[in-house]
Structures are given as structure tokens and as C-alpha cells.
Amino acid sequence: MTTLKSLMLPHRIVMMALFAALVLWCAVTLRWDWIPKYAPLAVEGIWTTIWIMAVTTVLGFLLAVPLGLAQAIGPWYLSIPARSFCTVIRGTPLLLQIWLLYYGLGSLFPQFPWIRSSELWPYLRQAWPYAVLALTLSYAGYEGEVMRGAFSGVAKGQLETAKSFGMRRFTMFRRIWLPQAIRNVLPTLGGETILQLKATPLVATITVIDIYAVSSRVRSDTFIVYEPLLLLAVVYMVIAGLITLAFKRFEAQLPR
Amino acid sequence: MPTAASADPLPEPDTRAEAIHVEDLHKSFGTLEVLKGVSLKAKKGDVVAIIGGSGSGKSTMLRCINFLETPSSGRIVIDGEEVKMNADGSPADRRQIERIRTRLAMVFQQFNLWTHRTLLENIIEVPVYVLKVPRAEAIAQARVLLDRVGLGDKIDTFPAFLSGGQQQRAAIARALAVDPNVMLFDEPTSALDPELVGEVLTVIRDLAAEGRTMLLVTHEMKFAREVANHVVYLFEGRIEEQGPPAEVFGNPQSERLKQFLSSVT
Amino acid sequence: MELILETLGLAESAKLLSLSPPGWGANLLRGLANSLKIASGAFGFGLLIGLFGAYGKLYGGPVLRDLLAIYTTVIRAVPELVLILILYYVGTDLINQASSAMGYGRVEISGIVAGIWVLGIVQGAYSIEVLRGAILAVPPGQIEAARAFGMPPLMTMWRVTIPAMMSFATPGLANLWLIATKDTALLAIVGFSELTLETRQAASSTRAYFTFFLAAGGLYLMVTLCSGVVFGWIEKWARRGQPSLREGRG
Amino acid sequence: EQVKIGIAAEAYPPFASVDSSGTWVGWEIEVIGAVCAAAKLDCVITPVAWDGIIPSLTGQQIDAIMASMSITAERAKTIDFSDAYYNTPAVIVADKSMDIEPTPESLAGKIVGIQASTIHQAYAQEYFKDSEIRVYQTQDEANQDLFAGRIDATQADSIAMADFVGSDAGGCCEIKGPVANDVSILGRGAGAGVRKGDDALREALNAGIAAILADGTHEKITARYFNASIYSE
Amino acid sequence: MPTAASADPLPEPDTRAEAIHVEDLHKSFGTLEVLKGVSLKAKKGDVVAIIGGSGSGKSTMLRCINFLETPSSGRIVIDGEEVKMNADGSPADRRQIERIRTRLAMVFQQFNLWTHRTLLENIIEVPVYVLKVPRAEAIAQARVLLDRVGLGDKIDTFPAFLSGGQQQRAAIARALAVDPNVMLFDEPTSALDPELVGEVLTVIRDLAAEGRTMLLVTHEMKFAREVANHVVYLFEGRIEEQGPPAEVFGNPQSERLKQFLSSVT
């Protein structure tokens, strides 16, 4: 009810009208006859994009937390490796990382006959494990840096209090430190997650077909330039909208 | 009321167990020596008031006792258990210090309520997650405590929306919720009006009667006199004078203390 | 020297990467310089947008907030390739149609200017969110104190909010800067030759993919290390006065 | 009036590649020069990244594209094509030890690698429905995976493949033969693309192509790069 | 000493200019009405002490006066200049409120020193950047002020490394550095020892003698009695009683106030 009311503000009505006009104009003047032929492919592509994105952000974040923590307060033998990892990951193009993992590391395996005959070979032969690994490491590298800042930004007094009550280090971490750190970087994390969404197309370089690759295929099959990209943009916007919404929900739950 | 635990030999032997024993505590921040050898004893049920000028090292002393600051040197014994220390003063056994801290509650000068949790959550945090009290029980107890400090209606408020005095009362309630043997209060009444100060006084007396030990930094001499059975005057990192309140306030020996007290009517 | 390279099987790579033709080293370096030029333009432009956008999102009126929400959502969601294609090709097309309708000739729009604009607008959308989070993380009392002493909003922002939020913002901004240096690859579409395009040309012309990809990776890594030092200084400066969490780890 | 001929900025040797001083060389570059000379066009070669090449054409930044673009009916809905200036059959390559025919039945259940955005992709996805199709960004990468054993076969241009199986890296493999032709997908060979309705330029290019085919220039250039003809009707 | 500015008509006309005039101030946080119509007048040179229980709205009132909180309704006149307000209580003219604030210094209950600046930088910040005092002059003045509050040796320290009382003194010095006409003190002595309280007392008296006006929230009745020429007792968002200290403390009329004061000796 309230959401409906909040949509009825005058400026929002104007915006919605403009948007509707734009959609109408696109629908009428542009070429969409290719859609039926590519629809099944597109659905598959969207699914691939979504699951790769979701899996790698979750795994990546789980890695980012220890990476950030190690850099923020870890002893040197943890903080230096963590820092180096983040620097290398952030410092080299993701394309290169994917490429090195798949064509470099991946093409070493087949040289060993015992790997070729092992249970793992059907998976190692696939491309998606490399895609997932590369994107996970990438997200972990960027977010490790973000979480480092977040952990160091929590006020000292908040942690001291926890300590003074005899909280175990892990409990303190889970109950006080992490929630406050996440609260401080939630908007940044949201942005980084959308960046991750837009990094997924690179998996096409190692033969994983996501929605972006489908749109490229339409473009090269038909030489239509804008329409597949517009549709792609809409798909991305919907996914990004969902991500934003999820983060907003999350943000609203956390107090300031 | 329990008798004072003073450093001088007492005429009649005091059989109560020792709760806090600090010996020759030193603490420096860089080149600034804040504590220059402080020794202090408190037996079970003692209320020790620590008074002294601003910057004399009162907060630092409390913070050293539960190892929030690493002492530069010294010995600390709590509840009969000596804290094992490395050469640099840091606790040698993290588990030990964590265990000791669960029996040692602190009310901070700046309150330090957890900003991301409501009042109720702040109170039940330690009971539920450290002491493993069942949640429902912890909540019930928290409600009682919050009512006691007059915050029953603020139960779901975040600390940022509380007045200074309300925050301080919440911090006291949080410390009480862990049912500690030893309590460290850093100016627990600084933001409270006289009525509430009176109530805190009652609470502290009740706690002492239950056999808990309290170290209490305060600027209100009247409060110190009424609540404590032992008063310690800290001056520039050293204990300048100590004794039962009647003596310290009624008949101060040191010039410093005389001057310090002269502004109090 | 040569012998060592020879034995390591690197002589071929060294020849390919040498700075004078037929080596490609100079091309890569030129590409890197171009990338950095564009990236700093875009990052700076984005930071400006980000700062005002973050304030608008936090303190602006409902219309401004809605517009900014649309901006950050749409721009961040739409792939940069789409943005560049639309803003550059459709944009120049429209301008040309308009100018020929009015009887003027074709207008050339520089791909570089378009690129900086587009990347800047993209960076701006991300910066808004990074800075918004950082501003929210500043204890409100700090800003209140400034207001209470009569500081006007801009000065409060400059003297109090920005310094206080910097420690929260630098990691996110450092990420954005690194992303900017790599996103310049998109400008290949508008005929701009930066590091990625140079690398790809070199790699596919010589088929020495590994050599050139690793060389480019090395160059990017160097940029990262240097930026790391600079951002490290900034963060250290921003954290002055905050007690370290490392101390008293008991 | 200058004619700007767009080529893909990403090199595609031996048809078009660039050296470190920025000079473009290769079979296609020479053909462009010969066609333009024959048609008396003042051509400038303009490299454009592949993603921007069609919009550059429609946006008049370039006037024609000569970048090994296969002429297909689908594409002809968007731009106009000249006649083909080269045409090579599509072949299947696989490990020597493998008993594979270039037919859908023989490839069923196998993993087939192809290069993205090519007619081979369209063909494989249309005909090899029972095979797993892996799409690579470059043929070199597909070849590498063929060598590594991560794919069983690849479909590509006969020229490129002849090169590959002759090299060290391709020693594992052999050409198993051409796939059945389907002009609607594989097209009529590679032609120059021009804006829809730009008939004057298209005619001129057609004339140029016809001229160099007729006077032997085409053959001469080919001989310098390949050891077989790459033009068939 | 100047005479009290009370709401009742005075027998002899008081010719001093009005410094603060608050009329029917209301403030709600959501559904919680914190101020329920507060009116207050202070003339130039007046020291008004505001006393009241924790949570009674004292801080909120001070914060409304310089518009850190948006009043729900009411009128505020400062130095004879009425703050223009929108219907929702927000200041209509940003410039005006900024200008007024430069003459209006505040000491916060939580101090709110800028953590990223050293003590000296904290003090000179407003003089240099808002009031455009030459830097050298501002530094010289800051040194004098820091010496005066006993922090001369902490000039280059960051606030996080100061004791509570030191922070509070720094906050007072920061407020004094802007040479304000009107000062709002929110419990300025809460973290100070009796000696320092006495010094703050002297400072405030000096300031009043120079013709500055002060609004002062305090929990120390003794301090209020000694420093103020007018005392306001706030109870649950309303002024329950006000008058000269002798009357308010010596002969309280309202039951509430009597009870409130009963805990003070």
C-alpha cells in the first residue's frame, strides 16, 4: 500500500511516463525479429550468468573476510601473503587470470595420464570450474582489500568492551567486529557485486557461454548492433536491480 | 559492612579471600610514564574508590587490570589467580585472560555501548554468547535490569538515540547482566543526575553485600565517601595516599590530597 | 646475459618485448601511458560526480535522490560496452544528423573525449556508493561539532567529513582506480589504442600469447604496486589519530 | 573522395596482422590494395575494434569493411555485401588416433570446439546438435585445447587448419575432411561489407574484385601466402 | 553580578539586551515528544543553569537552540535576531543560521573532538577556517587557552590518546577559542575532578563578567548554585520551575523539584 503511494509522487509519474515512452519507441522502431530464434539460448545464458555470479560472490566473500582480517591485524606471516594475494589479483587483468588458469594451469593436467584416467578428469576437462575459481579469487582479492579497511575502521572502544567481558576472539569477531565492519562498507560491497556481475562475461574467453556471449553471437550472426545490446542491458539492469534491492534490504536491517 | 583492606597490617586478621591484588604496576605510552608503580589490594566485598586529578592514570589503571592495556611491568592477581604475563607485559595465556574477564565486568568512561545493537541486545550479548545463558532467560533478566535502571521503555532503542545518562545507565546494566565477581567502574555516575547517583549508590552497596568486589573511579567525593570502604588517591601515576574514607577525607596527610580536597565543601 | 636468456628459453620473449622495433615493448609502454591518461581523467571525473552524488543521495530532496538512484542503478548495471557504443556512435550519429539538417557538415567527435566522459560517468556511479558508505561511517558527532560552530556545508565537507571518511573510502576508491586503468580496454572500440589493445595486437600478430599477456600483467601489476603505495600513504594519513587495533591484542 | 576501408583492429594472421611500427600486412591487406587499385578507388585502411566495426560503418566513420567477413543471408539483412573475394571450405580436425568423420553422426557425443562469432559457430550449433559445442574466442585457443585433449574435434577454415596440422603444435592431429556445405549458413565466402543502399561503392568493389581475379593478381598474392588456392566458386 | 532574567515581571526594568529568547519550543522524535513547549529568556551576561533528570530533554533543548535538531515548532531569537524557520521547523535561511552559529559555541556532552586532528588543530580549526583569523594568531591564542585548561603539554596529541577529563577540557578550550557571544555547555564538568570544576567555575564567571551569555546543563547542583544567576528545572520536557538559584534550591515549590533535590545534601 505504502509502496504504491510512494510511486504516485508527481515526479515519479513523470519519470515512469518517460520510461514507458522510451520502451514504446524501442519496441516500434527497432528490429526484434531475431528474438524467437535465440530465446532458448538466452535463457540458458542468463542462468549461467546468475549462478556464476552468485556462487563466486558468496565464495569470494567468504575468502575476503579472512583476507581482510589478516591484513588488518594479522601477524606478518599472515598479513604479507594476504596483502600480496590481494595486490596481485587486483593488479592484473581478470582476463589474464582466467586465461592463465585455464590455458596455463588447466592444460598442464592432460599431460599426466593418471589425471586423464582419474575421476576428476571429466570436471578438469570442463571450463566452468576454472571460471568459478578465477572469478572467486578475483572477488576475494578486491573484497579482501575492502574488508581490510572495514575491519580497521571499527572503533577501538567497541572491541575493547567485548574483550573486557571476556568474549572469545572469535565470538567478538562474529558478534561485534564483523557486523560493524560490514555495516560500514555495505554500499561499497553492493557496487563491487555489480562489478562482479559485469566481470562474468570474461568467462566466454574460456568457452563458458553466459548471456553476454549469447548477445555477442546474435550480433555476429546478424550484424545487428544495438538491439541485442539493449536487451542485454535490460537483463543486466534487472539482475543489478535485484542485487541493489537485496543490499538495500540488508542495509535497512542494520542500524546506523 | 566489610572492613577496609588497607596496606597497613590490620590489628585483627581479615579472613576474606583476596579478590584483586595489583603489585608494582607500571605503564608507559611511548615515553610518557602514566603508572609509576601502583600496588593495590582488595578483598571480596570491598568497594575501593579511586580518586585523583584528570590524567593521573585512573582509567589506565582499570584498563591494565583487565589487560585492555598491556602493562609495562607488574603483577596482577585476580580472584586468587595470577595472570600469566610475557616479558613485554602482554598476557601469556589468552584463554586464561578470557576466562578471568568473564568474571570481571567493566563500565567504561565513554560507555562504549555497541552501536549496532539495541539496548536489549547490548545487555544480553555477553550472557548469551559468552556465558551461554539460554536466550529467554537472558532476556528476562535483561528486562529486570533495564527496569531497575529506568530504561524499561527504551528496550528496543539503539544507543545513538539515547541521552548521555541513559547510555551510562545502560552500560551499568550491561555490566550487571554478566553477574561478575569483580566490577570495574570508570566514573559510573558522570552523566547522572543526583537522584540517579543515589540509586547507583544503592546498587553498589547491594552488590558489595553480595560479596562482590568493586573498583570505582569517581570524581564525586561525596559518592566516594558514601560508597567505598577504602579510598585510593592517585597522583601522577603513584598512590599518594590511601585508607578508609573517613581517614582520607577527614584527615588527609599529603599536601596534594589536602589541596585536591580543598575545592570540595 | 643473452646466454642466460637463451638457456631459460626466454630469448624469443626478450626479442619480442624489446623497446625498439621489431620488438613490441615501446608499443606496450605507449599503450600503458594512454591507459593511465584516460584512467586518471575518468577517475577524477568520477570522484567529482561521486562526491556530489553521495551528498545528494544522503541529504538531497526526493527528486534528486530518485534521479541519483536511477543513475547509480542504470549506469552500474549497463555494461560499459553498451554505454560506449550508444554514447559514441548513436551520439555522433544524432549530432551529425542534426548538423546536416541545419546545413553543416559532419562533426568529428574525438573518441578519447567520449571515452573519458563515458568511463567517468561509470566511475561516478560507483564512487557515489563508496563515498556514501564512507560518509555514513563517520560518527555523526564529528559533523555535528562542525555545524555547531557555524561551518558552512562545503567547508564541513572539506574540513571534517572528507578527512574523517577517507579511511573508510580509500580501499574502495583504490579498487575503483585499478578498475579504471583496466576499463580503458573498452576504448579500443572507439579507436583508442591502449594497453589491452596493443597487447592483443601484439599477441595475435606474433602468436606469442603467453609472452604478451604476462608482460601486460606485469605492467598492470607495477601500476598496482605504485598505486598501492600512494593509496597506502593516503590511508595512513587518513587514519592518523585512530588508535591501532593491532595494539593490546590480548 | 577517400574510401575508408575498415579492418578488424585485432590481428588475424596471415590475413591481416600488424607489426610493432603499426604497419598492417597480410593477404587481405594486399588484396584490399589490389582491389582498390583495380577499381581506381583512393582507399585508406582504418583499423577498428571488432565490436565497433558495424556501428562505425553505419555511423559513416568507415565506408566498407574487409575483414574476412563471411557473406550470409542473416547478415545481409543489416548490411550489403560485395561479391566474395575468398572462399574456403570448412573442415573438421581431430586427433590422428580418433576415428572421426566430418558428419553429425560421427561427432555425436563428442566435444567440438569452434571460434565465436564465426560461421562455424552457427554451423556447428545448427548441425552438431548431439555434440557438446565449446565456443572459443580465437581459433588458436581451440587448437590448444584440441592438443591438450580437452576437446575432441574442431571445425574451422581449411586454410587455418592446414597451417595448424603442419606445425609442431598440431602434430597430434589431422584434417578429417570438409563438412557438408550449407550456403545459407556457411555463406558464399568472404566479401566486403558496405552500408545498405551504397550501391555505387559496392559496384566499384565488385568490379575491382572481378578484375584482380581475372588478371591473376589474386592468384599471385595467394601464392605468396598459401600453397593452395583459396578461391572457389 | 547581573540580576536574574526571570519570566515574571521584574520590579526594576532590566535594560540589558536579550541574548537568547526561546518561545514555546516543541520537539518530537517520531512519536516521542521530548520537549513540550519550553520558553526561556536570557539577557546578555546571564548564566542560566538547566537542571533536570536524565532524559528530561536538556541536551535536546540545547541542540535545538543551535538547530542541530530541527524543532517541531517554536520560536528562537538569538542576539536579537530571530531564526527564520520553515513550517517543518528547519531553518529557512542557511546563511543566517551559519552566521548565528559562529557567535554560538557549544561544548558537547560527548565532547565530539575531531579525531583526525591534533589538539591544537582542533582548537584553531574554527578560528582559522570559519572566522578567518590569521593562522599564527589563532595558534598563539590556542596555546594560551590550552595552557589555561592545563593541556599545554598535549598540544600535538590526537584526542583518542587523551583521558576523559583532558578531552572535556579540550572541548571547552575549543569553544572558548571562537570568542562567542553565547555559549551552550552540555555538562561541561562531568569528567572533571573537583579541582578542575573549580577552575571551570572561574572561567565561566569571567566570561559572564565580559558580558557573554551562557546556557549550562549540569548535574552538579553545587556548581549550578555557584555559577548561575538563573536556574531552570526541566521535567519531562517542560519547565517545572525556574528562578534565581537561591530560590530554586533554597525554597523549591514543586513536588518534583523537592524530590529531585532531596538526594543532594
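Letters A, B, C, D and E name the chains as they come in the text, with residue numbers starting at 1 for each one.
Going forward, a residue touches a chain if its C-beta (ideal position, glycine included) is under 8 Å from a C-beta of that chain, and two chains touch if they have at least 3 such contacts.
Every value quoted in this text rests on a predicted model; they were computed, and no experiment measured them.
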item: Touching chain D and also chain E, the following chains; value: C
item: If a chain touches chain A and chain D alike, it appears here; value: C
item: Greatest separation from chain E - chain, by CA centre; value: D
item: Chain-chain pair with the highest tally of contacting C-beta pairs; value: A-C
item: Centroid distance [mean C-alpha coordinates] between chain C and chain B, Å; value: 52
item: Chain centre separation in whole Å, for chain D relative to chain B (CA means); value: 82
item: Cα-centroid distance, chain B relative to chain E, in whole angstrom; value: 31
item: Shared-contact residues (touching 2 or more other chains) in chain E; value: 110, 160-161
item: Contacts with 2+ other chains: residues of chain A; value: 103, 156, 163, 183, 225-226, 256
item: Multi-partner residues of chain D (each touching 2 or more other chains); value: 55, 58
item: Residues of chain A touching chain C in the complex; value: 9, 11-12, 15, 72-73, 87-88, 90-96, 99-100, 103-104, 142, 145-146, 148-156, 159, 163, 183-188, 190-192, 194-195, 197-198, 201, 212, 225-226, 229-230, 232-233, 236-237, 239-241, 244, 256
item: Chain B-touching residues of chain E, taken from the complex the two chains share; value: 29, 51-55, 58-60, 109-110, 150, 161-166, 169, 186-187, 190-198, 219, 221-222, 259-261, 263-265
item: Complex interface listing, chain C residues touching chain D; value: 21-24, 26-27, 81, 85, 89, 92-93, 96, 106, 188-191, 193, 197, 200-202, 204-205, 207, 209
item: Touch list for chain E against partner chain C, complex; value: 66, 68, 94, 98-106, 108, 110, 112-118, 125-126, 129-130, 158-161, 178
item: Residues of chain A touching chain D in the complex; value: 103, 106-107, 110-111, 116, 125, 127, 204-205, 207, 209, 213, 216-217, 219-226
